[in-house]
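In what follows, subunit A forms one complex with subunit B and a second complex with subunit C.
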Partner chain A sequence: MADINIGKAPKNYAVLPFYAGGAFFLICIALALLWVVPELNGHYAAPHIVALVHMFTVGWASMIMMGATYQLLPVICEHDLFSSRLSLFSFCCVFVGALLLISSFWWFHPGWWMLSGGTLIWIASVAYLINVVGTGGRCDRHHIRKCFMVFAGSWFVFTTTLGWWTALQFVHPVSHVPIPTWLKIHAHVGMAGWFLQLISGVSTQLIPMFLLGKSKKSYLLNWAFVLQNIGLLSFVVLSWLIGIHAWIWISVALVVAGIVFHLAYLYDAYQHRVRKPLDLQMKHSLLSFLFLSLAILSIPVVYAFDHRWSIIYGMLLLMGWVSSLILGQTFKTLPFIVWNDRYKPWNGKFKVPLPRQLYSERRLQWQFRLYLASWLLLFAGIMWRNRILDYAGSLCWLGMSVCYGWNVMQILFHRVQIPEHAGTVHTRSTLQRENAGH
Partner chain B sequence: MLELSIQDPHFKEKMLAIDALHQVIDPELFVNIIDLGLVYDLDFSQPDQLVITMTLSTPHCPLGEAIEAGIHHVLEPFFPNRKIEVNIVWEPPWDFSMMTDEGRRQLGIEE
Partner chain C sequence: MIVHAKTRIASIIREKPEAVDVIAGLARPLEKLKNPLLRKLFASRVTVADAAAMGGCSVEAFREALEKIGFQWVDQEIQQEPLSSDLPGWLQHMHERQVLHMDVRETLQHGKDPLQDILKAYEKIQPGGILCIINTFEPVPLMQLLGKKGAESHTIAKSQDLFYTYFLKPASASAEVLQKDDDTPAVIYCNQQKWEELLQQYPEHTRRFLDVRALEMPQPMQTILATLPELASGKVLLVQHKRVPVYLLEELHDANYRTYIYKISETEVWLLIVQIAEHG
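Up next is the complex of A and B:
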């Protein structure tokens, strides 16, 4: 009977490699950040900065988000994952693709190197979309979170296609639309299509679940979905037809309104939570949405003032909103996935550790402190053009990455310690001892 | 909600089962399934069977299999002659009001 109702977790190889890959790229980001400190006040389209941005967007954020989707989508759709093998295939493609693409940006080698990296990432995005649609298609009931995830997957394929197309323009310019316009569409579809919609779908499921809070205002999510998609679609069409123009502000306003509805839903769930204290993971998530709000508020400043604000805007989105959410939610998801795999056969046979005991809580505290320190130092360093502060912030980011990577590896390589008495049940009371004796 | 009456002909077995089920933890919430109020009924009416009717805190929870395995592991030594059946239901849907005071205390829920 239980077989019909209880979810079968996806195979470990469908999810865990993404977390390992994400941790690897987070360390790469920290090392690259130290290297590019002298270039932080230069142009954002400089090769090293573009490589760094792709480490964030593809190697780190997309990697973890793909893995998390494969774990979470079956819970949302109440159906098993369409294909675990396809998930592994998408990991191989995105990992190798990210290595090729990032290295081609770093040493600036447009041509087959960049195109082959882009092709692999495109294949990974298509495999991801097939898996998401395949899983969501089996889901009988309409679910706005499922819609968010399916649309996020579609925008993911669209942004990787645009990225590949832009890379092609470097070698064979065949389009009349200038490359900077393609780049802007590619970047905004990635941010407002892929990241925003996936985060909207995932966060509105996970955060109320972890806070033990429920919002009855699901209409807020429906509005968020409609506004975000109409806004982004109009942005793409207008940019393509008439370029980046004053009309674009209408699209921006629609997407921002969609974000406001999404945040309003989360705030309602937060207000109605029954678990009042916030753990470090949830503080990371809270901080993430604060960064998103600051990024939105900074949009007019970015347009009105100098290049420094473009870097700050990028930092708010990538190092702030996306990274903070992942840094927190990793330790709300990964320990459970590994615990489920290692301790499922032993649950009830002996006193098994809790999922949160699979990593070091102290290291997580240091991760949070170093993350905050890094952010403040880098922000101050860029605002006052102070290289010492930039280096100090980058070193804190490196320390934070080491704490994160160490904890992730500790969880991934956790081994079950089976006590000698395993198999005998711990008796709790006299009643049990009497009956066990008989 | 699980109710227990001293007039119940299976009172002793039910007490034993409840005591054993205190050892099965919902790893998502770190609280045992009895204090969470996930167990709705224990049916001893068939001589060779024990049917546990329960729910999960999240539908299609991937940890459901681990919880089900835990139930088998803790009950089988005490009821070796009964086949343990776990019947998962979604009605009534679980909510926080079904938790015991102890469960609420463990979760840090304010009254």
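Up next is the complex of A and C:
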């Protein structure tokens, strides 16, 4: 996306609502987190915790990732997005679906409420897959990143289907496989299929570009792709047929090997980077992959010990790996998308602000600090079962999400400031109409 | 027709052509309305209040005269310019050499419009300089016109038909802003005219040309960044691109380059990248 393909960039409404929706759910997460502090040391399958997990996975992470794909895939493929309207449709479905699903978990109402939320999210995932395949399929170049994105989309549909199926089991138990097994497959397909593969595809495109470093070892990515998919597929089949047993470790090893290849590629690009100092966005991303590595290392501990470690494992993945990446990369994508759109119709002679001037860097700094503080406090709070630390960590998370949401809104509502010496400006009225619409 | 202090003279004359004689009879400077060319020139630019100021008569006199020939007058608040003989600070401290005098009385007598000459003269003077227009009346339209360009003005009535109007060109006159800021990195959008001027400013022998349209991303950005350090001092880089390279712009800004963008269409973009000398 070094050069956002302006001509082929999708319509604004296909991308921007996802960022606004993501920011909304991030703030919801912060409020919910404060609420569930007393339950943090309990079982991870408590209704409030499950609601919180779905705020993270559906409302926050999936939301932003869908938007980012709609923006990035046309650029990688140098081809128009299959359908901008379908993107907007998927946004509406996933947003309303997430609200229904999360509220049904929060007040635990299995049944039509939960199922209708799940159905909407499923429809959104199918619309997403159609859009991704429709865009990628028309692209001549065989791009490993495109494959990652298309497969991620397929796993996305699979995990929403599994989620829906699991929700159905609460009402009409029709399957002989126990619900916890369904839940584990659903969660791991979501993590290792949808999140991991999309992140593998997107991050190996964006991060080398932002570091101005390119790895020539693209075979690493091919291996990452094959191993992650074989590992996940074997996990699904094995756990469905024989349940979660020792064989599962083979699948885990394959996926982990896939992750190692993916990280090795990023590390190679990092080593060969031209731009030495890292900005905050890249620090967020670097931290994200550190969390991923820690999560992998904690798998044996989670397997051997109690629920406390399951919560830590979930935190490492959701609050760590996924969130940190999004928190950083948002400010590497959104300002550029908005900048491109707002300053596209201008053709006078005047200075334009830089994309990074569309938001407050100071607020981004605070976001980073509060994020770190929140993580450390929550980690310590859960490890030592200290509620005060939990509350302090949750408050920091709230502050962090306010900083993030504020910056996102500032970018989304950025208005073109016309200098007095703007000279010839052509499409002023069109632009102002457009701005008024946002 | 309802008229007030802000009605344009042209509208009044259009409604009742006989108003020309009535207004011209109010004061001597207004007699030039009888000249068809001058009438065309001024009538559309001045309001009743402006004309009253030019003629040195009161708006009340206009009211009486216009009501006599059938216009309906409505009162509207008119902000009276404070009558102060005090000179503004910039005029008190002016040095003669800074001032360009221009007598337009003869041009007007010959029935010609001096506006273009005045504007040319104004463009020529340095920021901070003063242009003095010598005229038989207070040139209100001109004051408004140059005022929009940031000029401050002040009129001194030497006699009933001799007015000296001084225009101070601001130090950061609109046209000069870009010139003045040339020591800072920036991203600047250009239109065709400005782009052509820019290419004249950096003629072919000072430019190095790069066509990155065929390259697959992110190679255009990498190629441009690799080429820039190789440029000899004083040389600029001209790039033909197929899109506005958004990520490159910040990179260039941080590396102390100034980027001019000329976008012909969504897929036809030209960049001119100029290194800015580091200060201090």
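Throughout what follows, the second predicted complex is superposed on the first by the 414 of 438 C-alpha atoms of A that agree within 3 Å, B and C clash if a C-alpha of one lies under 4 Å from a C-alpha of the other, contacts with A are read in each partner's own complex, and residues count from 1 in each chain.
Rule of thumb we're sticking to: a residue touches a chain if its C-beta (ideal position, glycine included) is under 8 Å from a C-beta of that chain, and two chains touch if they have at least 3 such contacts.
Nothing here was measured: the structure is a model prediction, and the numbers come from that model.
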Exercise. Does the superposition put A:L212 against subunit B (first), subunit C (second), both, or neither?
Worked result: both
For this session: Applying the touch criterion given at the start, work out whether A:M383 contacts subunit B, subunit C, both or neither, answering first, second, both or neither.
Result: neither
For this session: Look at A:N340 in the shared chain and tell me whether it touches subunit B only, subunit C only, both, or neither; answer first, second, both or neither.
Result: both
For this session: Quick one: classify A:P355 as touching subunit B (first), subunit C (second), both or neither.
Result: both
For this session: Please indicate which partner A:A45 is in contact with in the superposed arrangement: first for subunit B, second for subunit C, both, or neither.
Result: neither
For this session: Could you say whether A:I250 touches subunit B, subunit C, both of them, or neither, answering first, second, both or neither?
Result: neither
Exercise. Is A:I242 touching the first partner subunit B, the second partner subunit C, both, or neither of them?
Worked result: neither
Exercise. Does the superposition put A:P277 against subunit B (first), subunit C (second), both, or neither?
Worked result: first
For this session: Overlap the subunit B and subunit C contact sets on subunit A and report the shared residues.
Result: 1-2, 5-7, 75, 209, 212, 274-275, 336, 339-340, 343, 346-349, 354-356, 424
Problem set entry | Footprint of subunit A on subunit C - complex, ascending | 174-175, 177-178, 181, 186-191, 193-194, 217-218, 220-222, 225, 241-251, 253, 263, 266-267
Problem set entry | In the complex with subunit B, residue positions of subunit A that touch it | 1-2, 5-10, 71, 74-75, 77-79, 209, 212, 274-277, 336-337, 339-340, 343-349, 354-356, 424-426, 428-429, 431-432, 435-436
Exercise. Which residues of subunit A touch subunit C in their complex?
Worked result: 1-7, 75, 208-210, 212, 214, 274-275, 336, 339-340, 343, 346-356, 419-421, 423-424
Seminar exercise, completed: The residues of subunit B that touch subunit A in their complex are 15-16, 19-20, 22-25, 27-28, 30, 56, 58-74, 77-78, 85-90, 96, 107-110
